[in-house]
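Next come two complexes, and both contain chain A; in the first it sits with chain B, in the second with chain C.
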Partner chain A sequence: MADPKMRILVVDDFSTMRRIVRNLLKELGFANVDEAEDGAIALQKLQAGGFEFVVTDWNMPNMDGLQLLQAVRAAPALSHLPVLMITAEAKKENIIAAAQAGASGYIVKPFTAATLSEKLQKIFDKMGG
Partner chain B sequence: MSDFSGMEDLLQDFLQESGDLLSDVDNKLVDLEKDPGDHRLLNDIFRGFHTIKGGAGFLNATELVKLCHLTENLFDKLRNGEMELTPELMDSIMAATQSVRSMFGELSQGVQPRPAPEEVVQAMRAALDGKAPAAEPPPAAAAAAPASAPAPAAASAPPPPAEPPAAEAASGPNWQALHAAVTGQPAAAPPPAKDEHPGGPLAVASGAGVVPETEMTPHFPPEGRRATDKPGFVGTGASTGRRAEEKAAQRESTIRVDTARLDQVLNLSGEIGLTKNRLTSLRADILAGRNDSETLHELDQAVSQLDLLVSDLQNSVMKTRMQPIGRLFQKYPRIARDLARQLGKDVELALVGEETEVDKTMIEDLADPLVHLVRNAVDHGVESPDERQIAGKPAKSIVRLEARQEGDHIVLIIADDGRGMNPERIRAKAVEKGLIREEEANTLDDRQSLNLIFLPGFSTMTQASPVSGRGVGMDVVKTNIQKLNGSIDIHSEPGKGSTFLISLPLTLAILPVLLVLLGDQPFALPLSMVREILPIEGEKMQEVGGKETLVVRGEILPVIALSRLLGWPQVRTPEYGVLMQTAERSFILSVDSFAGRDDAVIKSLDDFRPHGVAGVTTLSNGQIVLILDMKELLADLNAHIDQRLGAKHSKALELSV
Partner chain C sequence: MSDANPLGDSAELEALFDSIAVSAAKPAPPPPAAEKKSSLMSQTRESEDLTEDSQDLQALFDSIAGKDKTPRPAGGPGEAAGAEWPGQKKIFTQIGQMARQLRDTLATSGYDKLIEKTVSAIPDARDRLAYVANLTEQAACKVLNATDVANPLQDELETGAALLAAKWDALYANAMGVDDFKLLAGETRAFLKNAVPQRTAATKEQLLEIMMAQDFQDLTGQVIKKIVAFAQGLETQLMSLLIETIPVEKRTESVESLLNGPVINADGRSDVVVSQQQVDDLLDSLGF
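Up next, the complex of A and B:
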């Protein structure tokens, strides 16, 4: 498994959901977690540096998760960041859109720590970590 | 037992956040009705349901997930222009938000929500399928629903709405393959399947029989019929259902506090700790015999500093309980809209001062009175569009709901631009109903006459309208406001409109009081009722109608001895009178002497509450003082007088409980 001190940014406009994701990450041993309320705030935080992983909701005001993902991939300093998308949709076109934009993974709500762990592991494996 | 053991915190968070979100959605729906094409509104509402759905999934609230998903699908079609927002559809959506709210109510009781009423679900499904919300039976697919009982979250299964192909992709195994495939050759992407159709798994409101009719059923208009066609039927259901639900979900045991405020509390308590240390060391010095002027000066300084810090701390702690009243106000545009529509009126509820901060407890206790006043304004205050046109007013009327802080008070205003109230008619009505006697009615000025509407059993509508004209309510409104140490006042101008003014203290925790003495015993009177203090000179007392009175600046005021109110023997002749004023009347309370004013920190007597005592407080010397509840004491006195005089209805202007 990856470094448990890895700094993770959880992005969701719904604070309850941020808390859920944060708790699940904690269960998996990742305690170094920061939060952002939407894509725009997340992007700012990411640009400030220090993050190694992004878990983001899709549907958010101001800047949604897909836009965030696109912005991350477009920014040379951030483009390498793994981005795990969380959504309530299991629609094919959404998954395709996420894939096209370069998402590292896609997880459908609701999920458990085990599912999350599995997704993370896949991403880490792919990163060669 | 709760269905959510281990998840209580999460549930609390969810309910609070989703509750706010739903109120916001409700308001946006009202706005959307005015501007059905507004893309941003459509998006926001879509996202609202979507977000609630996401959270509900983690709570395994299957029914809530289903309902939100269905509504969300509808809005997805609406925002993509695949569907038109018809008034009938609007009704269905409103009914759905209502269902969501009642599900929150169930969740707050710790039980999983029951399925939404079948007709709500059916109407939306019909709309999604492109049919008018007529009495179409639900597609047979419902039976085949793979009862996606979300295998208690343990399974990493996707949520019930997931469709097989997508679900497969989502659960992982072929993600990388898919990724490669689509990034490599996007054109080859399979055509979007019929995802839009919430096929089988959704909307299986099979257990409609379980849903208590009183709660939900009446809100939803009979198939395809506009709510306005049958105002009474829809109206009562909506109001009672809604209120009951809000009650259930109302009491929140948690509060969200701005971290800056919390930090301030922390800072201050730290400072107080330091000052305490200083005092401890000074005490040691003094006990050791050092009492030179320098030490005493330091002591004086430390105590003054502590004084300041403690009052700062009190303020800061109080502020943590303060919440913007907007959270409460949000609920009203929808209520006003629903009611106006039933009555065929065109009413806009304008919210002003939503950022005004009010104690959290007070916000909760204000919810019901404000509902009533808003409904009252829309129902009784505002005229029908025709009437308004005849009177030369714009057809659309504005009801203003305003909050603002004035000094140490919060003022709430509910103002309409309707027909206003007629004091003459109100007096006549009160006499006719036997609430007051004719002679009494004749002595009332206009302001007092308007206040008659707060009497229990008063209603000016000749025919009880199903909405708010039952003659219950206004008296309850008043009692509730008074329970918060507040007062309510009416201004009305015939033809121009009525205004209800509610004045509330900033907090319930601290009560400014006047300390009066009876013998050596101090009692505390709420300062808000005290107008002035005057000496009582025996020769100026007059007896009118068997009662002692005093003329103050031309006004004849009854003099009531505090000893008599309390049933104590009159030992001394009272020397001072306190001119007390309540909304309806003024009187002079005679007391032996004064001990000054104080900011009483009220200790409530929860289990043991003697009649006429609002609470207790401690003085600086440690003495315990009773805070008197003047309203109760006066009511007792009146009851006593009534008994003695054998009068039947002499309580017209008293503050009865």
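Up next, the complex of A and C:
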């Protein structure tokens, strides 16, 4: 299992959703969580360093989740970061676009705690292996 | 649509259209430009009276058209501009045609009144939706706050019970003296009499809070039903208006976008997924 002290950035423009994801992560043992309300703020925080995992929404103002993902993958210092997308966008082309852009996982809203746990575990397994 | 159009507005629009079509064809004489219009246009074109308004408009258009041409490298007025942009005349003709058709249809079918009514209902619908957003956000916050309060209470019960259980296990394993047993009996009594009821009562309070936070559903349900009815009316009106005015070949494909939000109705759609399982299957099939 991954390091429970791992610093995670939760990116969503709705504070309620950020809070829910933060609570779920806490339940799963990850208490070191920071939040950003759009891609642009998230990228700033990521560039400042210290984060090991990103959980992001897609549809957000200023910079959306896909743009954030692309920016992360394009930045040498950040490109290794796992990025898990949790989004209401459910078109197949969305999922394909996210996968092609290098998303580590894709969860469609509404989602369950079990789904989040499973996807996180899958990403950690890949990182470890 | 008869030749003698009773509507003043339409005459003005017609004059505007004529002036645009004529100017676009400049410096050629007006008739050829007008001749290219559809049969519908020529039907209603009979009243050729150029009002003062339309002459003003003509002058305005000329001045704009003139300005527009000067900075271009080709320089020469009229002809040069026409050569630069061959579709210009056609576009002006079409826009004029569409504007007039729309105006005529609106007026003759009474849609102008309907649309006026609908447009005035939009701010109301906007306010109602803002109200829904506000109430649902409040509810979400209340519920999250309640779980924040209740979770530690459950944790305390859990740890308290585990502690006592371990001690009772020790007693059953004959690893406890009489004094320790007396102490354990007292601790257990206190836990059952005070610690547990206090925390269950406090948790119940939070559960009640969560339940009461759902009261938004009644209010938002009513508001949303009204907006749905309004949107249906708007859709019906706009659809019939469009069907009457837009030729089949003008209909375009819906814009492809990656920002669509949640899928409200996936029935009969093959371009969306409806479950996490389908997301996983799709990604697996692509080798991700």
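Going forward, the second predicted complex is superposed on the first by the 128 of 129 C-alpha atoms of A that agree within 3 Å, B and C clash if a C-alpha of one lies under 4 Å from a C-alpha of the other, contacts with A are read in each partner's own complex, and residues count from 1 in each chain.
Operating definition for what follows: a contact is a pair of C-beta atoms (placed from the backbone, for glycine too) under 8 Å apart; a residue touches a chain by one contact, two chains touch by 3 or more.
Predicted model only: the values in this text are computed from it and were never measured.
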After lining up the shared chain so the two structures overlap, which partner does A:16 touch, if you call chain B first and chain C second: first, second, both or neither?
-> both
Does the superposition put A:99 against chain B (first), chain C (second), both, or neither?
-> both
Identify the partner contact of A:126: answer first if only chain B is touched, second if only chain C is, both if each is, neither if none is.
-> first
Look at A:109 in the shared chain and tell me whether it touches chain B only, chain C only, both, or neither; answer first, second, both or neither.
-> both
Is A:66 in contact with chain B, with chain C, with both, or with neither (first, second, both, neither)?
-> second
If touched residues of chain A are counted for chain B and for chain C, the larger one | B
Does the superposition put A:88 against chain B (first), chain C (second), both, or neither?
-> both
Both chain B and chain C touch chain A; at which residues?
-> 16, 19-20, 59, 88, 90-93, 95-96, 99, 106-109, 111, 115
Which of the residues in chain C come into contact with chain A in the complex?
-> 137, 140-141, 144, 147, 256, 258-263, 266, 271-276, 279, 282-283, 286, 288
Which part of chain A faces chain C closely enough to touch in the complex?
-> 16, 19-20, 23, 58-59, 64, 66, 88-97, 99, 106-109, 111, 115
Give every residue of chain A touching chain B within the complex, in rising order.
-> 13-17, 19-20, 57, 59-61, 87-88, 90-93, 95-96, 99-100, 102, 105-112, 114-115, 118-119, 122, 126
Which positions of chain B touch chain A when the two form their complex?
-> 10, 13-14, 17-18, 21, 44, 47, 50-51, 53-55, 57-58, 60, 150, 153-156, 158-159, 161-163, 165-167, 169-172, 175-176, 178-179, 182-183, 186, 189-190, 192-193, 195
